[in-house]
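Common to both upcoming complexes is chain A, partnered first by chain B, then by chain C.
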Partner chain A sequence: MSQQPHSHDDPGVPGVHREAHRHAGQPTHRHPHHHRADSGPAPHEHAHPTNLESLTYIVSPVHALDARAKIVGATVLILGVVLTPPLRLAEALLLAALLAAVAASARLPLRRLVTRSAAVLPFAGTIALLAPLGTDGGSWNIGGLTSAWTGGGLVVTWGILSKAWISAFCMLLVAASTRRSDLLGALRRLKVPEVFVMLLSFITRYVGVLGEQLRSLRTAMVSRAPALRGRALLRSLGSIAGNLFVRSYERGERIHAAMVSRGYTGTLPMASRGRIGPADILFMAMAALSAFAVALY
Partner chain B sequence: MEAGTTPALIELRGVTHRYPDGTEALRGIDLTVAEGRSLALLGPNGAGKSTLLLHLNGILRPTSGSVSVDGAEVTPATVREVRQKVGLVFQDPDDQLFMTTLYEDVAFGPLNGGAAPAEVDRLVHEALHEVGLADAASRPGHHLSFGQRKRAALATVLVMEPRVLVLDEPTANLDPRSRRQMVSLLASLGATALVATHDMDVAWDLCTDAAVIDDGMIVASGPKERILTDAALLEAHGLEMPWAVRAALADPPVTIAP
Partner chain C sequence: MHIPDGMLEARTWIPAWIGSAGVLAYGARRVRAMLSDGTIVMMAVMAALIFALQMLNFPVAGGTSGPFAGGAAAAIVLGLWPAMLVMAAVVAIQALLFADGGITALGANLFTMAILGPLVGRAIYVALRRVSGSRGMQLAASFAAAWGACVAAALVAAVLLWLSGRAPLGAVTAAMGLWHALIGIGEGAITAGLVGYLLAVRPDLLADAERKPDAAVARKVAIGLAVIALVAAGASFLASSHPDGLEYAYEQVGSAFESMTLLEGPMPDYVIPGIANETLAGVLAGIVGVVVTGVLAYAGLTGLRCRRAEDRQR
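Coming up: the complex of A and B.
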């Protein structure tokens, strides 16, 4: 049966609503409300869908920086590393030390970040293996043993792999120290096209769901066939991959149906906030200086 | 259905739907949801309930027959209004909570409708209050428990102030406490509704009318007192009597025949 409308009358307490409204089948009570304006670090007890997302809730000076500053700083540094000749050993060590220091001040687990960013190496590696075949300059031909792999070729390989790893590490630093909502809002305000932000929003939202489904499918597989090896294992994993693809596709259709049911016609509505402060400017400046140092040295 | 003393808010006439591969999901559906009444749509799995629901706000078009909402037929020209009037809540809340925070999810509908930010703010807060999630507005939807997510999904539709609510399995997979909360929440809304459900007790508690669908056709429809007390009808279509009805009978039937 429907509730009687009632009003709270407590003008002294901030955040308490004063207008009459219905409650969902519960007795009248006063409760503090959450408004968009008041947010701050608070202890929370929800599960995180992915491990990376749990890292973004750490409290540290790097986490407190404005997301736009982090994105711009990382981008400038990446460009500095990528658009310049391959790093010499001293430069590489200094840059590694700098990045490790940032990771430490962000209280992030360095080893996990390093191994995660190394995931980009197989992709860079395929190019890195082929690129030397097109270079010349400098020969380390030890009596004819290394003819195809001249010094120039090895430098190119090192260049591609090191730049890929460093770029991935910088991006991962930003991703691990910025909450999803702040990251997406910052991208929007940096005028990244809405299509890309929307894409990133949905990917980050549903990667956790995909991960859970993968975990339960793997558990089911391992429960029924604990000693699976070799080709049989690969075949099962292939079935799991196909299954996840179909489920994800169908979920995509359902999400679209839900969006359309709420009036979606092609563009997402939005809004966000934040402020660039002196710490943020300093961060961007230091990233730019490091990039210049790498470029000019 | 009883002869229309109240105006029909949703009317399906001779609706058939054939999938691209040829299978007939709906084979001549005639159904009416009158204003102020709530209809329980009951049926075994695979009967066509979900397909039917998707016709109600124009996501699927009938192969033949017509779907009318509030007197106007659902066509590409009228579909925008229809989607505001018919609030469709899907079964999996994860499909409906896709924005970054709960506030944004609930604001999605009004913002798409072109409301001003201040108005959106007011509507969102009212909707979150109605479902009891006002203090979770700045949290991401997927940080809520399953029962809370179901209520959040309901809020994303209530905020658009629909004339009729269409719910797909609102109590499925809920633990007993969440189920009770959901049922009392739905009862407190007092809205015109169409509820597709397996849960015979929810159908009995919440709805005024019932319709049984099997194999793409409506096999019976009418007031719940007539439909939900007919044991033979229910068991013939893979259903059973609600506990409230069984408790009232002197000699209730024991189980569903295999």
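Coming up: the complex of A and C.
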């Protein structure tokens, strides 16, 4: 918990607060953090708000919803967004207000989610800039600076960018408000094949470990050869990948041995607590109604 | 290359979802039948590894950097079916937890990155390894496999975008193809480095993977993909003869902006040469068609040859 660099910005983020505390082996200090929902009174058990997963430990009504309801709700809403013609201003505003309301009641940091979901824009933007070429009489003349942007093209560009951004924000809301284990359990209960859920759960469990290992390998490389570039750099990166592969393979053998010795018989026990309650039904109904409103308007 | 939501039309993403789900479900069954529990745990750790390796950004020309995708590398070291499932898990996690690639577009993303990437990579690798067994050939085969997988996935993603009427074929394939031909070099170099490292440290792991009897399966999948591609193409041509609601709406809303001019310049009719040129777009379309067909046919032929070799061994 104490390895991550402490971020001192973002003082006013909802769900995050500052208070003096201590990490193991470190002096008392303060920085924004969330408290883990399940940690009880222990004040120093908390997750850092530096990554998305720590946001899932915030306590809020949205976090308390059944994971299945959130997955289904987000999927339905995204379907509505995807199937409609380019969003009109009223539709876009409705969706923005709705998603902002969900983010606020989930006590999630809105600004970070907005910037994080904007990561889809570079790729979407590239295609969105090509899109005007495909519309009737479309031409793309040096960014429209030297003559008219064709009207249809502009609408297509807006349609692609707005839909990609809003859909990404929807999924990010689900990812930021649902514990990893609950999300995987929900997938299992939504009848996703078991082998697949197991692969997903191993990714969420071990990516941190392997990522940390990868980082230390890169640190080692940079500290020994800071000026590597070009082919030499690519070759070193290849060796790092191979090295991590061998380590992971051997780790896999150890993990399997440990699992077998604890009684693993081929199926992974999964938390399947929780039932669909009135709040979950309300949430899904809200998502469905919004999706219909957007799709049919 | 993770296509977000809203960029593909229903006529593209629904067939892509069905096709990918079918192939992966079949793959899951094969893996279940082929492997013990232990190897499945191993695969799961490998999925985490590929995900971690995707944090490996390498420099591409001009100060930008490209991410490592790893589909071909997975196919080389794990075999075809495990690699497909591993890549599918990685792509699905990216869509679910990081909003990297859409939910409706997940089928298409699985198709390009989790199915086509490993398939093309494995086919190229197996074919080249057949030519010569030397270490140099093995490295060259790994490089070619990763580069081919990267470019093939990008080109098919471009074709999917074109089928959705999002961009003209020439422009989108040129943009995606050229960019990924560049990224593919880094991808290929890292994959070759990985294989080289394994040859030096744990050649047994690589030899295990090469003995996997999945080349015959590659043929079936290649045929399946060809059928899906044909159906998707047919459906899109049918659809395009009846302008659908979406296109109608584009026209309606679009007319409001028709007369807007941002800045009247000295060359009002200037169009970037080539991209909007129909003949060139047609030629590019032809090239892409030949490349895609060639890759599929090649994968199919490789599958056939391996199967015969297997039969002879029996």
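Here, the second predicted complex is superposed on the first by the 162 of 297 C-alpha atoms of A that agree within 3 Å, B and C clash if a C-alpha of one lies under 4 Å from a C-alpha of the other, contacts with A are read in each partner's own complex, and residues count from 1 in each chain.
Everything that follows uses one rule, which is that a residue touches a chain if its C-beta (ideal position, glycine included) is under 8 Å from a C-beta of that chain, and two chains touch if they have at least 3 such contacts.
All values derive from a computational prediction rather than experimental measurement.
Asks: Looking at the overlay, what does A:Ala119 touch: chain B (first), chain C (second), both, or neither?
Replies: second
Asks: Report the partner of chain A that touches more of its residues: chain B or chain C.
Replies: Comparing touch counts on chain A for chain B and chain C gives C.
Asks: By the touch definition at the top of the document, which applies to A:Arg229: first (chain B), second (chain C), both, or neither?
Replies: In the superposition, A:Arg229 touches chain C alone.
Asks: Given the touch rule stated above, what does A:Leu83 touch, chain B (first), chain C (second), both, or neither?
Replies: Touch partner of A:Leu83: chain C, not chain B.
Asks: So in the superposed three-chain picture, is A:Phe202 touching just chain B, just chain C, both, or none of them (first/second/both/neither)?
Replies: In the superposition, A:Phe202 touches chain B and chain C alike.
Asks: State whether A:Phe169 touches chain B only (first), chain C only (second), both chains, or neither.
Replies: In the superposition, A:Phe169 contacts chain C only.
Asks: Touching A:Ile127, do we find chain B (first), chain C (second), both, or neither?
Replies: Only chain C; A:Ile127 stays clear of chain B.
Asks: One more residue to check, A:Ser181. First (chain B), second (chain C), both or neither?
Replies: Touch status of A:Ser181: first partner only.
Asks: Now for A:Met259: first (chain B), second (chain C), both, or neither, which partner does it touch?
Replies: In the superposition, A:Met259 contacts both chain B and chain C.
Asks: Would you tell me the residues on chain A in contact with chain B in one complex that are also in contact with chain C in the other?
Replies: Shared contact residues on chain A: 180, 201-202, 205-206, 209, 251, 255, 259-260, 264-265.
Asks: Could you list, by residue number, the parts of chain B that touch chain A in their complex?
Replies: It is residues 54, 57, 59, 80, 83-84, 88, 90, 92, 94-96, 98-101, 103-104, 107-109, 111-113, 117, 125-126, 129-132, 134-140, 142-144, 151, 156-157, 160, 181, 184-185, 187-190 of chain B that touch chain A.
Asks: In the complex formed with chain B, which residues of chain A make contact?
Replies: Residue list for chain A touching chain B: 1-3, 17, 21-26, 31-36, 39, 44, 46-47, 49, 180-181, 184, 201-202, 205-206, 208-209, 251, 254-255, 257-265, 269-271.
Asks: Using the touch rule from the top, collect the residues of chain C that touch chain A in their complex.
Replies: 1-7, 10, 13, 24-25, 28, 31-32, 37-38, 40-49, 51-53, 55-56, 58-59, 68, 73, 77, 85-86, 88-90, 92-93, 95-100, 102-104, 161, 165-168, 171-172, 175, 186, 189-198, 201-202, 205, 245-246, 249-251, 253-272, 275-276
Asks: Which part of chain A faces chain C closely enough to touch in the complex?
Replies: 52, 74-75, 78-79, 81-83, 85-86, 88, 116-117, 119-120, 123-124, 126-127, 130-131, 133-136, 138-142, 144-156, 159-160, 162-164, 166-169, 171-172, 174-175, 180, 183, 193, 195-196, 198-207, 209-211, 213-214, 229, 231, 233-246, 248-249, 251-253, 255-256, 259-260, 264-266
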